[in-house]
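The structures considered in this document are given below.
What follows is a pair of complexes built around chain A, which joins chain B in one and chain C in the other.
What follows is the complex of A and B.
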């Protein structure tokens, strides 16, 4: 396993490092190679050292957190974009190593086709899907391609948090690794050690898996036009791009959760990079989600109970990801998203992204500072799912409500939810506004209104202000 | 007086959307008084290659934050950024990191 705590030390220098390292400099790590990329503020790495640095970070993040047990089924959420493609590639390389440092979990890939929400034509969607399937076949893990339209067929159970056993202690993790290694030894002695990932013998995964026998709608049959129409209508009914993005995120999460639960995956890995998470942190603050920053941006997100979302790419900046993908030919598929070519002020997400990136340009430690702050966020113990019966939860983001339920936007007072599904149009102050969703009514977060003015603060009457 | 230069300009990561979806462009930069550097190249790209939404690619006299520039597979920060003098057969790659995910 990776050494915990090992890190690349900043190069010792008496004077501040030069603002623009020139090509004459050598790689700061090996001191010999020709540098090709500048990481952080002034560290120039050569190609091989950069690769080692990149891979090491990935393994270190997984090793440091010790949440993924050997033999566990982990679902990789792949959007086709560079971060998630890089993550998939790292998992692929990590699993194939012939050494004790090999990654030990059992991966699958899920890919959500969001073309309908983004307004793509059927031909564009089919083209993107074909490219994706090509890459999925190359990677070789079991994969599931799910259209966003299937969100209409989700059972209500997807909105429930299932209590799970508390996360194992340090001793439990070590014991699990040791017993796994012992099993490997035994199997190796019996001459069955050829396919490393099937070593458990408990589950026979069919590789590559193209059809999902449990899912009535096979991935090869595109969603019906009526469903696509319904999804387009849903997104059109949302007034602002901000709300659309949040809705898309919520639906995507529900779908991935459903796929994970249906196929027995206990962990989901998403490719959120350091830059994205820093932007997300600031955006969440602006959206009134300050209480849930630890779940939204932390390494692990246990709000769903039985399925834990982890973010192994959270220490890689977008620049590192882009460089790695280019230098080492990691395949990715570009698909236009909701906010492609949107102007800067189109949504809170876009505005925050522009703000952060512009600041990062002038002050190269911006993203890492925000990221370090997010690392310090602690989850309030009362909100832990393992702490007992779950309190009321938000319908969309499934975090525990942080407000008094008497003030929540309940649509029906008391009583069990109606068995009939009916559309509920909800008008809410800011966060989740103007949505039309089928399903039982439930409590939702209220957006944060404007800050209340302290008593007695009237500008005109302030004697201290001249004029 | 700078001689005409032949360089390859490539766009990736979604930046190609602003250039009619074409990723690779083999361009010949005409001879001119000042030597060709990245600053001039950007002006030239804006005038001749960019099809729409210049503000999504160029900001001021540099690229928009979030767009990486690689010159011959190396970070442009190592080569002087905007002041790098172009040479014949150079390969300049612009990768947009804003479509991460």
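What follows is the complex of A and C.
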């Protein structure tokens, strides 16, 4: 594959030299154990080294980004699928370690029942729900099961972006950790271990289910038939599967954030794996969301203001997740999704997924290449306008609108060439007044013809519109 | 059910529906609309100022044929004069036939034609020779990598020969969308950072380049050529099947079928990518050998030729570019100088 950084100097072989698995081969890490899984291109790991590698990656991603403060309440978004199940399991294990390396936040789990949108029968939904509750009870964190129909009950305030809390600086993080450790030390010395968030108890069962014995969102109260009907009608009114997927994602996000806000969680963790994120990146590109890729696929997503969405599984490929779940018996629940059994050409998402996985077969570095590129994306400075007012935001995805700059890229061609202009173009609409170029006003839809064609411009900001 | 009336002139029967807006237009009105849109792109972006001598990269293919025709139609209004520049890469069985088409077109339009050949410019290295040199060892021949860089060099040379002030190429919206997809799949952050916009304004002494057809979809280009009865060469380059762009192209066709606006959405996305400053290409200087625009000591064309001449054709491809006279340390993901190479000459 003509990859940019690929080293052609060696007479390399694309495939690793054929090896006999089993007897002659040893784990590449410890050189002793019998390998059970091959990761990347030919690295064979034994069971223990694989486990260590997997867990280390999870901790490293969290530790590197330093966003989760000790004692913070974190909501885990669990869909039942392998990646999020693995994430929940990692958190479970991480909390039970010896105190030096223990994860230090307070988790809760939220699970959204999307059966109505996917057209499941009430019996199928009840069955899936029962399986999920079984697992949730085993895990033992406070849990919330919310039906997607509740999205109709959301207050309009969810569409407003709350003021952003100041992001902790390096010093703030270290100070927080130090003070937390001191507190723990003091508590340990006093022998008091009753505060739930500083629980010294090692066993899972001592984990306070007392924190949230009844779930106010009450799964015991299934959504009314009218609500289910309304939701089905909503999704049926959307013509294409692509738009349905986008709508579902938007609604799901809003619902999860609402749960987080209501119960005082300041962070949400989602289980997007490396493979999924690479596919999501390419899909977003094809949908016109190039301006927001950093938020959609980066580690942290703060566009909602007070609640930050975090993606700790972003360096684990689906293969690693699958093998880990298999080897270490991580429970998960399968529920049919919107595009289960849909033909490959039904939606942009399905197309991209099939394409990426097929390409990955042929060029094993595809997913990691796309992922590495996504790491180089930055969030265009939202408040570079201390000078100007923040631009209008999209109702559904809460990102700053990028429509007004439709003409600006073309506008800037006529001006003096400079990399600053290009950077200026990529910023928010509020900044393009700074491109003081005489000539046609920005409202003219440049290059799209004398008669402005509105549909091409609306798509970018409103993925829910039937495409 | 008879075809609807043309939505513009309301007189003739509609002959087609425009791929994006769905408006039904007759042939004449469609061509007029197409030309008006290209004019708009050029004028609004101030791409070709009056008095410009414009070198049109002509390959004989549909895009460059349509481009040359439209520019000829618009030339009086824009106040520009045109020269055709064709590049002969030395691909047997393909380029010779295409050049014949270009010669016919030049005669038909009465435009001066200059042909520049790789063999003359690059010391006897035709694409066939390059392919022979890089073949073997089980890896891809990377022909498009060489061809793309060298062609842009050749185009620049040809343009200077005819005294041009601007270079235009016939890249259409589909090409741009494929390029974005390709750059992401290859991890070419530098090109992504540089891409978008309508061409380059001509940094460091290189001639300004632009792509007036950039916002026209491929279908419309083909339809225009059909309605104006233009004669073009439509076969694929011999080396095209090996190119990575083929994957991106295939994907784009699927995406377009699922969602017709996908092409424009990709171009829209590309214009708005925000990449880290570290990923952006360094400010360009001049090549120490030929004086052309280069971001390192040697421009990519010279570097590639160097490798070929030394018998190590892949010397200049990939990380580090070892073995060359390098001033700086090898950096990650080095970009090539020219924009993403195409599988088929797009002009």
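One rule holds in what follows: the second predicted complex is superposed on the first by the 349 of 467 C-alpha atoms of A that agree within 3 Å, B and C clash if a C-alpha of one lies under 4 Å from a C-alpha of the other, contacts with A are read in each partner's own complex, and residues count from 1 in each chain.
Keep this in mind: a residue touches a chain if its C-beta (ideal position, glycine included) is under 8 Å from a C-beta of that chain, and two chains touch if they have at least 3 such contacts.
Everything numeric in this text was worked out from a predicted model, so none of it was measured.
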Between chain B (first) and chain C (second), which, if any, makes contact with A:351: first, second, both or neither? second
Once the shared chain is lined up, is A:380 touching chain B (first), chain C (second), both, or neither of them? second
With both complexes overlaid on chain A, does A:366 touch chain B (first), chain C (second), both or neither? second
Contacts of A:83 with chain B and chain C, given as first, second, both or neither: first
Partner chain(s) touched by A:35 [first = chain B, second = chain C, both, neither]: first
Quick check for you: in the superposed arrangement, does A:287 touch first (chain B), second (chain C), both or neither? second
Counting residues of chain A in contact, which comes out ahead: chain B or chain C? C
Touching chain A in the complex: which residues of chain C? 20-21, 33, 36-37, 40-41, 44-47, 137-140, 142, 144-145, 180-181, 184-190, 192, 196-203, 210, 214-215, 244, 247, 251, 254-255, 257-259, 261-262, 264-266, 268-276, 278-280, 283, 314, 317-320, 322, 332-335
Provide the residue numbers of chain A that touch chain B in the complex, in ascending order. 20-23, 25, 35-38, 44, 79-84, 271, 273, 275-276, 318-319, 321-323, 326-327, 334, 336-337, 340-341, 343-344, 353-354, 357-358, 360-361
Footprint of chain A on chain B - complex, ascending: 12-14, 16-18, 53, 55-56, 65-66, 68, 70, 73-75, 77-81, 93, 95, 97-101
Listed in rising order, the residues of chain A that touch chain C in the complex are 1-9, 11-14, 240, 242, 281-282, 284-291, 293-294, 345-348, 351-352, 355, 359, 366, 369-370, 372-373, 376-380, 402, 405-407, 409-414, 417, 419, 422, 425-426, 439-440, 444, 446-450, 453, 455-456, 459-460, 467
